[in-house]
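Scrolling down, you'll hit the structures one after another.
The same chain A turns up in both complexes below, where it pairs with chain B and then with chain C.
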Partner chain A sequence: MSAPATDRGLLPVTLRVERRLGTPRWLPLAATLAAIGAALVLSGLLLALIGADPFAVFAHILGASFGDLYVLSDTLVKATPLILTGLACSLAFRMRLWNIGAEGQLLMGAWGASAVVLLGIFPAGTPGIILIPAMVVGGMVAGALWGGIAGVLRARLNVNEIITTLMLNYVALSFLRFWVFGPWSEGGFQQTVQFPRDAWLGRLTELSWLIPDVAGMTVHGGFLLALVAAGIVWWVLSRTRTGYEIRLAGDNPQAARYAGIDLKRKIVLVFLASGALAGLAGASEVSGTVHRLQDSLALGYGFTGIVIAYLAKFHPLGVIVAAIGFGALILAGREIQPAGIPAMIQGIVLVCVIVADALTRYTLRVVRR
Partner chain B sequence: MSLEVLLAAGVASGTVLLLAALGEILTERSGILNLGVEGMLFVGALAGFKVGLETGNPWLGLVAAVLAGTALALLHAFVTVRLGADQTVSGLALTLLGTGVAMVLGEGLAGGGTGALLPTLTIPLLSAIPFLGPVLFTDQSIMVYVGLLLVPLCWWWVERTRPGLHLRAVGENPTAADALGVNVIRTRVIYTALGGALVGLAGATITMAISPGWNANQTTSGQGWIAVGLVIFARWSPWRALLGAWLIATIRRLALDLQGPDEILGIPNVFHLYQPATFFLDMLPYLLVILVVVLGSREAIRRRLGAPAALGVPWHRGERGL
Partner chain C sequence: MMEPMTETATPLAVEMRGIVKRFPGLVANDRVDLDVRRGEVHALLGENGAGKSTLMNILAGLYSADEGTVAVDGRPVRFRSPREAIAAGIGMVHQHFTLVPSLTVTENVLLGLAEPRIRLGLGARHAAVAAFAEERGLRVPADAPVWQLSVGEQQRVEILKMLWRGARILIMDEPTAVLGPAETEELFRSLRAMTAAGGSVVLISHKLGEVLSVADRITVLRRGAVTAAGIDAAGRTPAELARLMVGREVLERIEKAPATPGPVVLAVRGLAAQNDRGLPALRGIDLEVRAGEIVGIAGVAGNGQSELAEAITGLRAATGSITLDGREIANRPVLEIIEAGVAHIPEDRTGTGSAPGLSLADNLVMKRYRSAPVGGRIRFRRRAARGIAEALKADYAVSAPSIDTPARLLSGGNLQRLILARELTSGPRLIVAVQPTRGLDVGAIETVHRLLLDQRRAGAAIILISEELDELTGLADRILVMYEGRIAGDIEPELFGEIEEIGLLMTGSRGAAEGAA
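Right, the complex of A and B next:
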């Protein structure tokens, strides 16, 4: 199990890099925190290298995202789609299925939710209590189908899902553009008309008649939906037979096959569910935040979901925490120049997390010869 | 728009896909999956453009691009080969990192002109061949010829030389290769770095030859990912990579060209009847990639040909693989 010592020095002891047999419970969390710390230091060094003041940038990010209750509300708005894409990635990654298409599934979800409103399925004046659930379902179905394409291709024809999900991201964006530039365009602009009020998810500010302090807070019902989704994903993964089978298939596909688990069905199922979660993110964005469909909707949420999933070690509760952190980064990042800094920090975080992850699997031991 | 002009443009822009795919083939043949192609392509494109712009010397830009691609690839090699981390995630991290770094360092360069350009060449004699001459050998960028030369060179190196045999052994069965005295770790690091160098070269080909200039996040338009798909279609063979690169690039080009003229072959351009319909043309290259990967996967199943057996599996001496 261990690498043989190559150093045959004069000392009676030697250092060996050994694989850990068991991991202490505190280690993964400590490693993640260390990774985040290392990522901050590295990002700071890179920022200093390009002539920015890292302390000013970090202070700005903290102030602009957690400074008071209003910006905290804005942070939660940004975190909402991230929780859902983070869950989408976590669920798929847990079975070692690389769904990198949350971005496209989110766009299709936004399209599906918009179609419910704009295709005139419901007569004008339909109350929100019918319209909004219909939009949520529309978004989830569209996202699920989009994810399902990659799932079926993987299950039936063994087609690499990384490629298909990625390519479908580009296809989804073109599809969306066709609708917002074409049939649904508002007077030639690249966006649809604003949805009727009944299609808007409730926002906290609407409770200001009850609690005056929340006036102006834009956090919306999508955040609650995301929390519920996180709860459901947690419950399914850790408390149901299906979840157990998904985890087993992820940890040891061969054992899962011997145990009689139908892997192909599980693959399609996981892709449908993963796509539905990302689709819900899209529905929540159009219904809760922008109130119309436009092509500048995704902003890399699907890719940030990958980083979030890894940072959270695929645990739904961790996804919520990590998503709020990245929501802050993205919110504050809008005003930071150069514009690529949030993306760069995300990359550095992911590299640090996987390095820390790999290091926790090994231990240095002093061995007597 | 004649067929020759279209194909010549396809060959030119296919060089980006070809160089990136050749790099990824070399890396994957050693058993290392590097999904960071898009990120390496980005930093290569930026390094080439920026150094070319500031020094006025495209060759220095080329060197910078190769170094930038290699540097990112070495990070991947350290994380996956040395530490044995998951190759898929490390590659994704590399793509995020490379894209972010290129965006940060490229701030303000977009729309700032074309910078230094790599020279174009017309090959005497060969360019006189009917059809093939105008398509392949007339007024093409020097990188097109580099790509054309690298295809047989890669094939010969991998399939016909002793180091190539070692490379394949490491990718198929690292434990056996190790028992025969091949340095598995070193081989994997070298070919991961070499792959990064070629992808960096591909990046410089974008910004200094094919579509000169820096277009911020539009610069690569997913070509790094297309190259990863191309490797699967190519079944890790340089020759099929050449074929696939030309095919996909020509379709990409065609999708652009069809949006322009009012008439195609004497028929009014249907896409001009309803302009937004051109967005369906934009989907074509990406759908085509899915199609060729599906075809490649089917053929791989049917003929029992597959990826290098140890692709994506970490290896440490004395430990059993997954």
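Right, the complex of A and C next:
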């Protein structure tokens, strides 16, 4: 019941960690905000250590990601796949299924959406109104099947999903490389041909004939899809029988079984849905951002989705906020340094959030000798 | 309230004065005094949540008191860890054992000690531990791995661990909750042997009978405060203690109308099943339960009772036949069995019977969210769920701030009320109740008994699995004794007085009923 005390003989008081009996309603949000604050301070210290001015860096990050409507649009472009992978992870994590394969499911989704275009299923000149929904469905199905493999293995044979989803990421990447280096290679480059215009998700800039100010803004329909997906996931989790079953099974699988829920079916279902969300991220990336399938597609979106899911406490609407924050960080990161510092800040945020989460369940007490 | 100073010349083994311990939202101990003399069994009696365990956790160095002083053998102490408490001679045996199942008894006893340092030299150690145990009347196979031991033996290992570390004051937290009558007797003999040798025992309990039978003196706590300080046990009556504990008169006898059994609801034929380790747990069970009848299942824990309940409720695969109102339900999906009208009050309230992180409302609709008004084809109607939850919370007097409170914050009694509310409100055909009053206080036990009798009157068939013989003889219309996966005896009400006989059947010492099974 009680955690070990820190027995230091130096001070006239000792600190004790004790379990909280109840968690006030405001505490989780406050803890998350405090964690982000602490992460900024720690990152600032590290920045100062390497000789940079932390305030200038943070100001630069803010300016580079939210400074004007154009960079905001770019931030949202970055946030789009993150929202979807964040949702994929949140949904699975709610049932305590540790799907860390959103990366691979995203790649398979990208492949599935590309296959709709590149395998010539539809004749050339098929309008976007048919082609794009077909790509979205193709991406979601491919992602779902990829997630479903881990789901079936877990449900039928009780194979640890952390291992399978992690390993399937590498398989997915190799599969994708096979296609972009081989059958779909554009003249030997590691990418496919650019998709026809009809296969592009609509971008805001295309409305510039109506609103001249949006010219050049690249935020695309995928962002809307992501928002809708977040709404649907929220609705399913909180307002449907299936959502109730997922919450119940996540909190206590044995109680779920006792309540008559078929856990095996639910596990497969959640993996399919989680994979479909990540697959949608892939479809949205190829159709909305890069307009072709290429090797360097995922950029760790699937893994960042894990961080986002934790930051949002697995809440679908929280995922949107967290994903935009991380989108900003990624975008600004390009301006600070290609790699390193932004990834470090991400890592610090994750560690702080996990610590804060533990502290919402425990309380520190000062005990006088 | 304070005891007059001790009449013996030797210092008290333990002297706690004015102990205050606050948790967020409640005062667990409110200026509590406790004296424990050398050579006595001192019972600490009180309902659940009265603050008994908190007080003893302070004495054992797990918690620190907010106010108050503690003296051991006349010297003031302030423990900051269990290690310091044990160094001062205080050892606590918790309700949940802290043994490593795959290690032997000897290894468990030596675990974490400075000696032996590197080389275990187990052969000699086994002999030393076995001799040490023998001396203190604790029968344990020193070289057997702990997982092979019965619950009673595991408890003896826990005691042995404490004595090996030099405990002279042993705190036992509800030690008999997991024991059968014979094992309880054996435990009490060991405790007596320890006090005869000058040690002291603090026995945390809420069972009046055992307190009166083993304790020298009694301290009663109610809502964190002392209501009787170190009174002599001799000459007290259970009713008197119950009043001190609960603060009002408690019905001692269970008022029960004569049974009016109807047609057979549940019929079990040749049921066999394995336990979680893949060993046979049920070896051919036959039984029948009629409408409006309570059939009690007696037995020491681990003789197949849990597996029987799980097989009937569909949670465990089994061979043989189980029919409900003539319909075969063996190995059917849990959902089908629930819908056939089987209610299940599980043994493990937090592990099976509830989802600790979900709200009261979510927990209360766990078995009815599929149909109207809560469930649509797809929808989960929160408003309807909340309405049902509010009504059930009021009807069954589940005490909690609101229906949004997570279930894990409920006390044992309130959690059981929640489970009963959920299971009984649907008017079940069959109720499988497993240890429904384990760990509950007098008031909550009364509620559980009343609710089960209400269901019996309403014509439900009830299987009551319990280790409390008083509960079984008070409630059941017939008692079946289980031993090693078989029905060892079928006892009619006129023989309920023969506790000895039932005890012998439970421990397999009486095999006469073998043929009757």
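Methods note: the second predicted complex is superposed on the first by the 344 of 369 C-alpha atoms of A that agree within 3 Å, B and C clash if a C-alpha of one lies under 4 Å from a C-alpha of the other, contacts with A are read in each partner's own complex, and residues count from 1 in each chain.
Throughout what follows, a contact is a pair of C-beta atoms (placed from the backbone, for glycine too) under 8 Å apart; a residue touches a chain by one contact, two chains touch by 3 or more.
Source: prediction; values computed, not measured.
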{"item": "Partner chain in contact with A:H60 - chain B first, chain C second, else both or neither", "value": "neither"}
{"item": "Which partner reaches more residues of chain A (counting touched residues only), chain B or chain C", "value": "B"}
{"item": "Partner chain(s) touched by A:I50 [first = chain B, second = chain C, both, neither]", "value": "first"}
{"item": "First, second, both or neither for A:T242, with chain B first and chain C second", "value": "second"}
{"item": "Touching partner for A:R257 - first (chain B), second (chain C), both, neither", "value": "second"}
{"item": "Touching partner for A:F181 - first (chain B), second (chain C), both, neither", "value": "first"}
{"item": "Touching both chain C and chain B, counted on chain A across the two superposed complexes", "value": "1-2, 4"}
{"item": "Residues of chain C defined as touching chain A within the complex", "value": "23-25, 57, 62-64, 78, 80-81, 313, 315, 333-335, 337-339, 344, 346, 348, 351-358, 362, 366-367, 369-370, 375-376, 378-380, 382, 409"}
{"item": "Interface residues, chain B side, partner chain A - complex", "value": "35, 39, 75, 79, 83-86, 88-90, 92-108, 222, 225-226, 228-229, 232, 274-277, 279-280, 282-283, 286-287, 289-290, 293-294, 297-298, 300-301, 316-319"}
{"item": "Touching residues (chain side chain A, partner chain C) in the complex", "value": "1-2, 4-5, 7, 14, 16, 18, 20-22, 238-244, 247-248, 251-252, 254-262, 363, 367, 369"}
{"item": "Interfacial residue positions of chain A with respect to chain B in the complex", "value": "1-4, 19, 46, 50, 98, 100, 153, 157-160, 162-164, 166-168, 170-171, 174-175, 177-178, 181-183, 185, 303, 306-307, 310, 337-348, 350-351, 354-355, 357-359, 361-362"}
